[in-house]
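In the two assemblies presented below, subunit A is common to both, partnered first by subunit B and then by subunit C.
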Partner chain A sequence: MTQAEIKLCSLLLQEHFGEIVEKIGVHLIRTGSQPLRVIAHDTGTSLDQVKKALCVLIQHNLVIYQVHKRGVVEYEAQCSRVLRMLRYPRYIYTAKTLYSDTGELIVEELLLNGKMTMSAVVKKVADRLTETMEDGKTMDYAEVSNTFVRLADTHFVQRCPWVPATENSDPGPLPLAPILVISEKDMYLVPKLSLIGKGKRRRSSDEDAAGEPKAKRPKHNRDNKEPIPDDGIYWQANLDRFHQHFRDQAIVSAVANRMDQIFRSLPVGYNISKQVLDQYLTLLADDPLEFVGKSGDSGGGMYVINLHKALGSLATATLESVVQERFGSRCARIFRLVLQKKHLEQKQVEDFAMIPAKEAKDMLYKMLSGNFISLQEIPKTPDHAPSRTFYLYTVNILSAARMLLHRCYKSIANLIERRQFETKENKRLLEKSQRVEAIIASMQATGAEDAQLQEIEEMITVPERQQLETLKRNVNKLDASEIQVDETIFLLESYIESTMKRQ
Partner chain B sequence: MAGNKGRGRAAYTFNIEAVGFGRGDKLPDVALKPPPLFPDTDYKPVPLKAGEGEDYMLALKQELRETMKRMPYYIETPEEKQDIERYSKRYMKVYKEEWIPDWRRLPREMMPRKKCKKAGPKSEKAKDTGKGASLTNTADVLKKIEELEKRGDGEKSDEENEEKEGSKEKSKEGDEEEDDDAAEQEEYDEEEQEEENDYINSYFEDGDDFGADSDDNMDEATY
Partner chain C sequence: MAEVKVKVQPPDADPVEVENRIIELCHQFPHGITDQVIQNEMPHIEAQQRAVAINRLLSMGQLDLLRSNTGLLYRIKDSQNAGPVSFFLSKMKGSDNQEKLVYQIIEDAGNKGIWSRDIRYKSNLPLTEINKILKNLESKKLIKAVKSVAASKKKVYMLYNLQPDRSVTGGAWYSDQDFESEFVEVLNQQCFKFLQTKAETARESKQNPMIQRNSSFASSHEVWKYICELGISKVELSMEDIETILNTLIYDGKVEMTIIAAKEGTVGSVDGHMKLYRAVNPIIPPTGLVRAPCGLCPVFDDCHEGGEISPSNCIYMTEWLEF
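Right after this comes the complex of A and B.
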């Protein structure tokens, strides 16, 4: 794992789970697989804390364990899975677009908790949905269950590996650690449950989560001692399936743009006749983008979507765009030229691009030092004498993509750090504003007059309000940037993965 | 050897023309310091995407961040002492639900070793039956003394007892333990057992003339 990735993982773990989990997680990412005592010793953390941290990490599918011979259990972190935490909002939003609010909340609960039983998810989501409904209305468990089943059928959620049921009644000595199994055919099998019930609304006295000291709270989880019908059957969000969806979306929108360019004058309608469809497909197949290929003529022509090429095109487009925004449009022209011609000499670049030699030189070297372009040496003589060697400029898409990906990780890490810095700088002011809001809320609940509310609001001065506004604007910008950079990360990672698979 | 310039004159080992510089051109200055931390960019960044989806995801992201901090998976670090103890802090503590992992899915060593400060129902029962049956039994008396001494250590016998029980009861006890906030560290049994006593084991070994020796040398200071 590169330093940039480790740094980003550290920031993400710390934001979501606190410093102790972060320390253990990052340590495992750095060192690889380790047993419990070694982790405690190397990190200088107490055994108890390490255990808690590992439980959290395992629950969230970020760490796995393996029993090695000689009876030692080792724990291993999954760095790439940690980086997926950046994408949570996208997963949840996608679920919303496909399966509306119910689907959205199901996926959100699964992501927040790592793994859950179906009955737990259904109950929680029904409660949450009921909160948002009008007074007197409740969400039925059956409806939530239906959405859950649909999510399982389309593979957006899947079963976690489970402890195999032991046949023998005599357990014998307990194993050091359970060996979890998973079978393809059972991965999306929904247990036969008859979940009957409706969501419960929290009563207003329970709503103020911040105010009540611990002792007053009733212990919710002790209340229902009913047996859980699907005990031990856990579900998790299937991230790969979401990725498939994103990839399809990206390709479809790229093609749609292409179609727009070509057919801008034609009216867009949905009742396309067969002939027109044929024309479209032929055009697509001939298109230099090479997304669609024609493979054979059976049934009037079989068209195939070439995924790898599609991803390659998307990655290339990303690179081009970055060059354009960073170095200017003339640089971008040179870049596209070298991409197209594969290998070019210095002189040829100047000629084809129609850019004066000095500027072309300058731009090429800028891109070279940014690792977007590389030099290929072709010796003319066996002694590789520099004066008798061709130096050709070329774009190695795979390595440029890797370079850009690495930069993306660094960028997001910087964005997060800056956001945390901004928040920390204004911590006092933020806390004050939260206190004021809490006071106003409680006063409104007890029916205070407008004049009193005004007085409280004035506790925050006008310049302070401006400061808060600025802070909010900045934090929003930084957050939005994170989300957008993650989109680029997704494209680049998909392309790199697809390329590596073919090798 | 490789860096020698021919007789004091600059001569390149390769054809400078191939790289694109003409002979006799003034080459740019050598950089003597690292590049600036925040270099000026020639081009402004493209504005961020804006739209319904983006706005929604932004709101989601910020909400998730807040929610995560309130979940039981977020393990707080014990804070250092505040400069001023705020009375309001006591009442602003956010209520966190307990989370008990499913121990059946985890390695055995993950379970926190219990310190019997407040003995769970199982160990209490064991003690009770012991008490009723054979108080006069010296073994039991010794056991009682041991228990009193090692208060706070996880006893071997108790642990074995617990491990034999089904996982349901385990998790039930686990709940109570954590409710009682008996989450004490237990690092190495041996060391803790030793440190419990104030007396170093070697002091009162049989046959030592501990008391006798100190009378001889009155020069040594007595503490």
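Right after this comes the complex of A and C.
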């Protein structure tokens, strides 16, 4: 794990889970898998705290455990999984676009809690939805569970591995660490639950309908004590499926940009006439982008999507875009030229790109020091004399992608730090505004007059209000920027992964 | 010579007569005559007289001296060269043979010109002499030096009134050894606009996609015609020039090219295929990394928390946040 990645993980863990978890998590990322006592010893935290921290991390699938020889259980942190936490907003947004608010809330709950049982999820989501609905309406459990089932069917949520039930009644020596198994087909099996009920609105006061709430509330409490029907069946969000979806989206939008047409997304059914479809497919196959290839004529022509090529093109486009923004469009021209022609001499670069020699040289060296381009030496004589050696410029996409990825990690870390800094700077102001809001809320509850409310509100002066506005805007901007950089990370990571798999 | 020979000069030993006879002989054999032939024709002329006559004719520029594997050949200079030669003669009256030799070599190099070192090799004259002669000839406006575009220090010499060849001057993109970047830029933009409008009209026609795509293509010949008609170039541009411009557009990522097989004889086809160009959109918008200041930061590697340059006090971020 590179330094930048570790820093980023530490920032994320701190923001989401707090100091102790962060300490333990970072320690594990740095040192690989370790048993419990060693962790406690090295980090100087008490065993109890370490246990709690590890619980949190395991619950969120950030740490896995294994039984090693000599009966020691070791814990290992998954750095890449921690980095996924950056992508949570994107997952939630995707769920929203596909399954509307219900889906969005389900995924959000699952991501926030790591693992949950279905009934718990359904209940919570229903409660939340009911709150946002108008008075008098409530969210039916059935609707929520329907969405949940659909999510499971499309594999966006999956079951967590569980302990297999042992058949013999004699338990035998308990294993040091439970061995979790899960079979393919069980992963998306939704248990048959009959969840009947409606979402409950959280009431802050007992005002309206005086008699009813009091009667209902004791029952509500009793509900909690009933055994949950699907105890032990936990669900988690299936991140890989989301990634697949993102990848498809990226490819579709890339092709759409190229083709200037309205395109249906690939998994969804087509509703354009067959003839037009044929032509589109031919067009796609002929396109120089080479995303779609035709393999065989069975069934009137079989078309294949060349995923690796598609990812490669996307990664290349990302590199080109970075070169263009950083160094200028002439540099981008040289970069694309070397990319296409693979190896070029200095003189040839000038000729093809139609850029004066001095400028071309300058730009090539700039890109060289930025590690986008590398030099390949081809000696003419055995003694490698520089005057008698060919120097060819070339682009190694994989290494450039890795370099850019590293830079992305550091950039996000910078953005998060800046955001925290901004918040810290204005801590006093934020606290004040929070106090004022709390006062206003309590006063509204007890029925104060408008004049009094106004007085309280004026405790925050106008420039302070402006400052708060600016702060909010800045924090939002930084947040949005983090998500954007994460998109780049996604493209680059997918490309690197796909290339590594092929080798 | 030991004895003095008294010769009775035969009447036709008159030097002018001899010269005329030699010239007649040369006319008879336009490919050149050897000394032997002259000797056969005029057996009574002594070798020395022959030599004098021939030398005179050479210096007057009426004969060419050539070397063949058998020996020396004398050839009549044809009338085409007579014009500049007489002009040349009037200038060259005062110069010596060395200069003539150098001039000859430069002339032979045609419009590609010749480098001073090559002149030295061919004439076997020392460098100082060569330089003197070259300066002399230049001042007499007989030759000129043209800077080669390939190696800017190299100068090639050619006759004054000749047009330098494309390989020396670099062709249409160079004017006086300077790369005309603005010219290239202007052409670049014009070609791109042409292709863009073509793609636009094709898109708006809203026919079935195959036709739409095909009509958004333009062949290199079409683009060439369009540029010629625009008349923005004072130099005549060939189709290859246009293709190099279109290639730069490809490297800009704005245009894509396909090659299709075309029948010989269809307009614009070269060797049985045609190049078609089409304006395209980029496949992804500017990527996320470059939308954050860190993506473009020049001091990225120096930045870390607690240092002089850190995210907390990054001026780029402050500026960016104020947008």
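The rule is simple: the second predicted complex is superposed on the first by the 468 of 503 C-alpha atoms of A that agree within 3 Å, B and C clash if a C-alpha of one lies under 4 Å from a C-alpha of the other, contacts with A are read in each partner's own complex, and residues count from 1 in each chain.
Convention: a contact is a pair of C-beta atoms (placed from the backbone, for glycine too) under 8 Å apart; a residue touches a chain by one contact, two chains touch by 3 or more.
Note that the structure is a prediction, hence the values are computed from the model and not measured.
When the two structures are aligned on the shared chain, A:Gln59 is found in touch with subunit B, with no touch to subunit C. In the superposed pair of complexes, A:Gln484 makes contact with subunit B and with subunit C alike.
By the touch criterion defined above, A:Val163 lies against subunit B but remains apart from subunit C after alignment on the C-alpha atoms of chain A. After overlaying the two complexes on the shared chain, residue contacts for A:Arg326 are found with subunit B and with subunit C alike. By the document's definition of touching, neither partner reaches A:Lys380: not subunit B, not subunit C.
Within the superposed three-chain model, A:Val21 lies in touch with subunit B and out of touch with subunit C [touch as defined at top].
Of the two partner chains, subunit C is the only one that A:Ala254 touches; subunit B does not reach it.
Judged by the touch definition given at the top, the superposed model places A:Ile355 against subunit C, while subunit B stays out of reach.
Touching of subunit A by both subunit B and subunit C, each in its own complex, is seen for residues 325-326, 357, 477, 481, 483-484. Of all the residues in subunit C, the ones that touch subunit A in their complex are 173, 179, 181, 184, 188, 203, 208-210, 213, 244-245, 247-248, 250-253, 256-258, 280-284, 286-292, 294-296, 300, 303, 305, 310-312, 314, 317, 321. Residues 250, 253-255, 257-258, 260-261, 275-276, 279-280, 282-283, 286, 288-289, 313-314, 317-318, 320-322, 324-326, 329, 332-334, 336-337, 340, 352-357, 404, 407-408, 410-411, 413-415, 417-418, 421, 473-474, 477-478, 481, 483-488, 491 of subunit A touch subunit C in their complex. Contacts from subunit B toward subunit A in the complex involve residues 13-15, 18-20, 41-43, 45-46, 48-49, 53-54, 56-58, 60-62, 64-65, 67-68, 70-71, 73-77, 88, 90-95, 97-98, 101-102, 104-112, 163, 175, 183-187. For subunit A in complex with subunit B, the touching residues are 15-21, 36, 40, 46-49, 51-56, 58-60, 65, 67, 73, 88-90, 92-93, 96, 108, 112-114, 163, 174-178, 180, 209-214, 217, 220-222, 232, 234, 325-328, 346, 357, 361, 385-387, 389, 391, 435, 475-477, 479-484.
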